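Alright, structures below, take your time with them.
Two complexes, one shared chain (chain A), two partners (chain B, chain C).
And now, the complex of A and B:
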């Protein structure tokens, strides 16, 4: 058996079995489920450290989602209903720890699907995905490439959806003509910079300065904001800054007397920003992640069950913790559940095929298409409409949904131009 | 003879060890082995009395050098690892000129600044360093067979055996250096610098030598890491990681060769295995910090002091019959 495993070609099944032999006493992961057996889903994201705000709220949301699904009977496969359970591993946004976590989740816990934040951690996990054939999801489609056939970006097509905010801004406040931008100099910041540059150019908004890239270790944002405001811009763009940056930057903008428009990918825990600044200062702040008590999410085309109830339950359990990712991982699970039920099994290949059948998918914000060949080299990103959210009277409010593919059809060349300039195209990655 | 038996038992234990661990524990074991070399090399520098905040960045220099050399020139991975160590040593030699104009606290801050400059260069120059995303798809160690065992270096067990041999050889060299006249001079540079200088010892040359040797071995540890996980980026070698190295050294103690290694092993097992297994994943930083504070309060001489207490007691026990005569 061992000789066969080592000398033979490495299939996923062979890999799992041989590994179980070499590591004495370790259990063989579940490739198939016994009747009624609980389905385990891996949650491999930062739960501590600077990026935890894009991991922990997602896990909390998933737990609520799982309770609701289990109360309704569970996941309906060919052999009956199965309860669902999440197994988490804190990767601390470190590729080495992400590799360890992926190994544990797949080879010890026997998960059927692994959700990740992605970014810096994905390259550490990719060899494990290649060897095991496990289905993974990421929130960051910049992880996608032709070499990642089992990696999906089924909910958040970061940063492409950012174009919708700028498009809405240009339509509704055409008097704003100049902008400046700052971003942390990392794998999340740079593709967002390229996207915002394309969106501003498409909207006829002039950049007054080169994007100001600051080190991720920055803690004093006074000089950053002073430099941003030195050209007296109409718009300050905060790119995809982590909440640890958005909050102090907003405070500095407030303290340094900025009265113009702010646009950002996220405004996690915006109530805290309002508390540190003022309701008036934050009025009109544009970002992209709605509170799920928004009435606009009760429309028929929204594919997230009972969003208002989900939001209420989340806030009851984790008051003040609602953030951009609170619903996103749960939304990915909705898509995975639909795929597994269609396939009648949790086999990664079968679920993937079922999810992508017909090239369309039921995204949280309406029907969407599997897309991305030009930008990512593979059609594994689910793209459709995305909401534009504005803070009004201290509360996030959806002002409308804009189509990402429609924008791309008109201005895709601009996006490719700026992505290329920042070495962010899939074929430019090292 | 007794020593030979101990070494054979240790080797046998290391061969068996990964096979009694779970898959994820095997992964942790690989990283622990690499970190042992990192912290042991750091101790060599501390022998001269200087504490650096750039050691992890130097580890990164070895990682980047080995990854780039194997990727662009087709250099075999084992030679790339050696080259990574050499490049790290050369960079340390270049840095030593400005850095060893400083001492103590100023050296500490200077080493941090030098490290940050190197990290900024990795970020700024996307070609060849990959910018903030770093490098990925780094060549793995090529698989091979030795007849009775096939080395598949995707598997943590195989990589552990490889890393353990490399780290074992490096530790032996570090040990020999410390016990040599050069090592004794390092101690003198720290504790009796005026006397050493009066005896004709060139303090700066010896500080530089310790810095270069320590950096070379840190570079090897970085290269070992890069060829295992297949990706590196500037954040993998930032000051947060350096804080862990300092913590291992402080909690373990630096007066013995094994002190920092003990700190590294105990704290890694605590943080990566025990606290995770107890389901305390999200509260790990809090508990880890608390344990650090308690250990510094109640064990100011580090974990090595416990071992020393036992070994002294044993030695005293062995002495008594002699003394009775």
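And now, the complex of A and C:
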């Protein structure tokens, strides 16, 4: 049969050319939509396993977001309105599974955009992103590099926003002069350690000890806390510990008699921490992720539609499950939707160009700039203001918004110094 | 410095307590049945979820929930003995693989029943015994320490001073000779599985309010338990207890004075050193090693 085809004028050169075209076609994502066809968005994150808390609440938030968008008519492209639907794949925070998931979402499900948690799973996905040119998002800008221009960090600029909490702390409690820190030894913990070190140094707060790194499999935090408290610090910093760590660490801090200041990236399910400690113990706890019923989010510059209503709906469907990422993936979708509607299509290059037009973007917490070349080698992180949240009388309260670029303009050299020391600069990562 | 040492010592005693309960159960199962039970960490997890279901969700008194955890997980052990290990009695590798399958089933059941997220368990008590400002023992941790001492003492008495205990030890030493003496190998296997699994369930139940309970919490404890039984000597209960104490003190002190990552490396190095210097472990015998 093949011989016959060649004999009939189908030359070897033509065969190779057409094979190459076919292979290229298979490699590129299928992003052409028929009129009225539902737009599929890939949700590639850990939905089971130890890191599921960074995936599952985000998917739940996305479903609420999609219902709201679909009820309002869908996404308006050049050829009309399209409903939107999420296709999820549980990567279990495993790079190999993430790679399989990315391939499946693009090839089989025909998604137009893939949202990820990123971190340890990104190296598995990167070859797929590079090969297909698909637009991806991550919550962790430490995944960014010039190698993959189609990877964006449009909402959570972890860990750079952490500087805002320390800056606020230094301004409001200048009497606190010493700090200690602990973190899990992983892709989420280490860049945070470097960022907090820079922020404390910029604020004139002295680190009393080297950051204490612990194995992510740790379950008993009494030794960690004993070590942290051994130098009588004013401040204990919990870095970007997962809630599975934040809760037992806080309980240990309470039981071992700590009465100072705690600062952390997150405090998911803080009502449970209060139940395990006391309202008085948790008073003044600083973190970075607000409850969306906070009145401060009703300001005109906030670019998340009806945050109070979203929070109420989320809590109605998933009582007590609101966490740091519940709104973040939905916020990314808000940006992507604006980009797709501006571009009039879901083509990854067109959407990317529309999202980054003018170098500015409408971040959930206000207008922000596409930023990051010094730290990540590419301006693909959307950076602006970030809220500082404090627990007051048992409730998370936004105390203010602080500018990340403004901090960086003054102290960027410190951040680069500490990121370099922890091998977290984009050109140091393997 | 004295206060730091004293607090670290108290932390180590607590760690030794729950580790020894888990490790002794694992050793008992291996000693009597010759099976490496990879699902032992998930039995620990199952004990924690009994406390979630009864104490946290249905407000059953904590110690009733703990007792229920011991019995429920002991019964799970009996189920494993009947459904997995008995049909594979002459096939230790098959038993090992079957236990891995059971591990996955238990994890999946926990996910289906409770979801993947960490469970919130209200504190049993917030009382703390304060020896000084910096040396404090939470009473909830004291419960674990006391329970471990009591249960391990009862186990020692059972094994050394009762006929069932002698039968169990005889079966562990030579199943065929024990059978020729009229000892039911099946009955001793059931007793070993109930006690071994029940101890894991007890440890999981007691520590549930002190750790983050989730379907994957068995991973770290099973790794620790394997290190401990290799250091102590595979098949030796005394070795498991001693190795639990050694491991807990080494790990806790290294975590406190250096860091947690180095502590894990030190724990593994301890195992490697024992394997090189005394391959049978501290108390192990050559025929079980």
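Following the convention adopted for this analysis, the second predicted complex is superposed on the first by the 400 of 430 C-alpha atoms of A that agree within 3 Å, B and C clash if a C-alpha of one lies under 4 Å from a C-alpha of the other, contacts with A are read in each partner's own complex, and residues count from 1 in each chain.
One rule holds for everything that comes next: a contact is a pair of C-beta atoms (placed from the backbone, for glycine too) under 8 Å apart; a residue touches a chain by one contact, two chains touch by 3 or more.
From a predicted model like this one, the values you see are computed outputs, not experimental measurements.
> Evaluate whether chain B and chain C can sit on chain A together after superposition, giving fit or clash.
With chain A aligned, chain B runs into chain C, so clash.
> Now for A:257: first (chain B), second (chain C), both, or neither, which partner does it touch?
After superposition on chain A, A:257 lies in contact with chain C alone.
> In the superposed arrangement, which partner chain does A:108 touch: chain B (first), chain C (second), both, or neither?
first
> Name the contact category of A:47: first (chain B only), second (chain C only), both, or neither.
Both: A:47 reaches chain B and chain C.
> Between chain B (first) and chain C (second), which does A:394 come into contact with in this model arrangement: first, second, both, or neither?
Once the two structures are laid over each other on A, A:394 reaches no partner at all.
> For A:127, is the partner it touches chain B (first), chain C (second), both, or none of the two (neither)?
Only chain B is touched by A:127; chain C is not.
> Go through the superposed model and pick first if A:217 touches only chain B, second if only chain C, both, or neither.
It touches chain B and chain C both.
> Does the superposition put A:276 against chain B (first), chain C (second), both, or neither?
Second partner only, chain C.
> When the two structures are overlaid on chain A, which partner does A:321 contact: first (chain B), second (chain C), both, or neither?
A:321 contacts chain C only, not chain B.
> Could you say whether A:423 touches chain B, chain C, both of them, or neither, answering first, second, both or neither?
first
> Where does chain B run into chain C after the fit on chain A, at 25-33, 187-195 or 295-303?
Here chain B runs into chain C along 295-303, and the other listed stretches stay clear.
> By the touch definition above, which chain A residues appear in both interfaces, chain B in one complex and chain C in the other?
Shared contact residues on chain A: 47-49, 56, 185, 215, 217.
> Under the touch definition given earlier, write down the residues of chain C that touch chain A in their complex.
It is residues 4, 7-8, 11-12, 14-15, 111, 116-118, 120, 122-123, 126, 128, 130, 133-134, 136, 138, 141, 210-212, 214-217, 219-221, 223, 251-253, 255-257, 259-261, 263-264 of chain C that touch chain A.
> Touching residues of chain B toward chain A in the complex: what are they?
18-24, 26-28, 31, 120, 123, 126, 130-137, 140, 145, 150, 152, 154-157, 225, 229-233, 235-236, 238-239, 272, 276, 281-282, 284-285
> Which chain A residues qualify as touching chain C in the complex?
Per the touch definition, chain A meets chain C at residues 47-50, 52-53, 56, 185, 210, 212-215, 217-220, 222-224, 226-227, 229-230, 243-245, 247-248, 251, 254-257, 269, 272, 275-276, 278, 321.
> Which residues of chain A touch chain B once you look at their complex with the stated criterion?
By the definition above, chain A touches chain B via 6-7, 19, 22-26, 47-49, 56, 88-90, 93-96, 99-101, 103-104, 107-108, 120, 123-124, 126-127, 131, 185-187, 189-190, 215-217, 423, 429-430.
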